[in-house]
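Which chain is which? They are A, B, C and D, in the order written, and residues in each are numbered from 1.
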């Protein structure tokens, strides 16, 4: 895979520089570490996210109103260091505490936890909500052990909206944890993505082979099958997703179809069409749908489907405006909202 | 290349269905043809864009406030039919005339022109501005012969903003033509994209080969070279771009770095960093920068750089808000605008 | 008298002939894709298939009494379904020549020559291309000229098409030497030289399979 | 007396030893990448290279009089530069054992055994993994136990490391039989069986190259 880079070791730093060139009116870089924060920080609980890079536009593109106040960025597929997290948290803290929202990976937990310990010395209170949406990574009875994939987008959206309301750290944590508990995803890979500087992809798939449930770092999934039609594939994934979630007929969900990198929007829209058909058939109400490639694995091929089960509280937070360089939500005019 | 599709012949129709599922609160499908229009049509000149599909999120993602009022969508890499254009234009026309804004390709010109003739029978006045930004496709003295690539985004942005101001068809056409005259792009390809249903890519590039100036349908470019570093590559492209444009030190430009499909945002941001450095060195003022993959060629690898030379009038239109499913611009707070 | 030597065919036979032509063009999809990929965007085969599939659908759905309606159905099917440069251009190859033409119940070489002559003019008006610009015109213009010469000599329809096929193939050969001025290949400049034009190739396939159908009818 | 049979080395020699270890780990980057790719995310080699490169930078920039500072420099370099699971885990392998330790100017087998023993405890506390969870602990715990046994027998530093290397390699072998409970491989379940753990491999490389450096010093 040809990568347009200079030095593999400088990829993250240079990308952040390029990001700052484009969006410096709304964001600031934290000195000495790979952290980015909002310019217009409010007197509220601060939301800090982050993780390894390589998943762009997550996480750096999600800094802004109604989303993350700051993000700590690691090297490609590697959790950020404790001091990166610490410095970002210090920069966004307004004395109301900091909520960490990030995907459940050993490396991220280790580094964010170590940062929490360091922040205690700075008298900054932190709480953590782990995103655990990937149903392929652990069975339902161990929901808390599941990995975080594209569900980051929904959980972060809810956390940001709750914090903008001026809620306390406990309240923001409560509703964000509820969102994390109600977020379910499943993915499929059709081709690998490569880490910049590496010459070999991390896994190989046959010409007509795909892998169900593969993780966003190429973690092996549930099974390999032959490539199938978009509808067959979507049906099988969505069935598994519903099976592994607690979503029932009559429930309302927000849907997000996420491309992993090189799968085109044309394809993702075809998948979205089928997801809508299927949910309609199952009498699951679609509150909203989004189709994009917010959570990528470099140029990996494939997609994931995410469902967030909504209640009255979550719907209001979901609908709140949000504005970051790579995620914008304007208030939607809802005709006859239930 | 594995594509997640059902039937190659149904790709566009099914993608539009999926698009409608997600964004039906703000857009409507035109009956019987592959056309999409805004729901909240205003009493103003209508802006109609379009072209072959396969470049998503262009064109279908750009229907909304301050952008296109409607788009006519063709098959992958094929101009829309005259009756598609005709029906879209009829659907968005509010008696103030219709401006067609699209990339300069023989097929598009033939079909939009034929649509214009048909619309004369419906007493709908049309004007046309062709986007001709690709400096690799014809020399400066034949600017009007150049192809349209990612510059579509800027020209459409200006057209949409001008029409929202309630200007006349002549005035909207004048300023849109000015924007088209001042928009310059150049691209580089690192890997081919494949048409859904085809098993062979339309061209082959060696393992360490790239092609300067390749078009967004894989049209052959200026030259093939060895893969180089991001900085070297950006320098060479940007130099050529400035050479072939009329942009001088002291000028102000909006910059857009566009990914062609599978090139990651991480890479695009590294390129953007270098573009900023280079323009600074050349004393060309950067008014704004955007980095995204709005104009793709399926999963093609590579990127393009677009510059829009601004004047007072264009700056105001550039800064106007815009909101479509895949392009949103909120009013920017400008510190010390010149 | 067999069709092979007949001077005219009925509207219904014209329909059957274009159904056969459509099959042959659709069969050539991979070839056309390959040719268009070399210097264009690789979709010409797809486009022509879409157009002739739609044409077949509309031809089969109707009975035809006039040649005009058969040509119109083929051309309008293309214009309304294909898109791309070739949708308008090849659509015009079929509708451009019957504008203002009084209803004809049968097609002979004279009529074919005059329909295609008018169509060629319409294509040039629409597309602003001319001979030597590396387009389908480079095959279609020699076809028209040959049909006219043969018609003047009162040759049979099939003989006219035999000669026209040779002219078309020579036209395709000629496109290899040209720099493209229109369509997606135009930016190629000198680099297009050596490659034949996709649209010109399609013209040769159309003419060849018209001839084949007539020959096949003759042999049955 | 050669280092090979010496009972202790100076802080400055410890620094040189870890510079050598770093080189060897960096050389193993492709191997570690391959192992982590099979069941993890393929970045372990990159991460360890970043960590040891930073460690080398910080080691070279300073003169050291205490063993504590050498270990602290290596560990903190890793924690502050690597990120990932291994940043904290391997960082703790170096800083976890010197917390509260009085300043030492030389390192013998007793001290190494006790530093690594405390480090192992710290790693377990932090990462919540234990023996059999298919992590670096599966190599590191046998290393610690072996070092302690050898230290009790008053063996030389190099001999202790020789034995420890064997224990580490056995530990790496053992990881092939385990299902991962931590890190990116945990979702693999049974499918991880047959593959060795990347972090455990790194432990074995570290111990092996510590031994090699001591042997090299002895032979010089």
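Operating definition for what follows: a contact is a pair of C-beta atoms (placed from the backbone, for glycine too) under 8 Å apart; a residue touches a chain by one contact, two chains touch by 3 or more.
Remember, predicted model here, so these are calculated numbers, not experimental data.
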Quick one: remove chain B in your head and tell me the pieces the remaining chains form.
A, D | C
What's the farthest chain from chain B if centres are computed as the mean of the Cα atoms?
D
Please compute the C-alpha centroid of chain C, do the same for chain D, then give the distance between them in whole Å.
75
Just curious, how far off is chain D from chain B if you go by their C-alpha centres, in Å?
54
Cα centre of chain B to Cα centre of chain C, whole Å, reads 33
Multi-partner residues of chain B (at least 2 other chains)
76
Using the definition of touching given at the top, classify the network of chains in this structure as line, ring, star, complete or other.
line
According to the definition of touch, which chains form touching pairs?
A-B, A-D, B-C
Would you mind writing out the residues of chain D in touch with chain A in their complex?
33-34, 37, 39-43, 46-47, 50, 79-89, 126-127, 182-188, 191
Residue ranges of chain A in contact with chain D within the complex:
9, 52, 74-84, 105-107, 110-111, 113-114, 134, 136-138, 145, 147, 195, 197-198, 200, 202-203, 215, 217-220
In the complex, the residues of chain A that touch chain B are 2-6, 11-12, 14-19, 21-23, 25, 53-54, 56-57, 61, 76, 190-191, 196, 207-208, 210, 227, 229-231, 233, 261-276, 286, 289-291, 296, 298-299, 301-303, 323, 326, 328, 330, 332-335
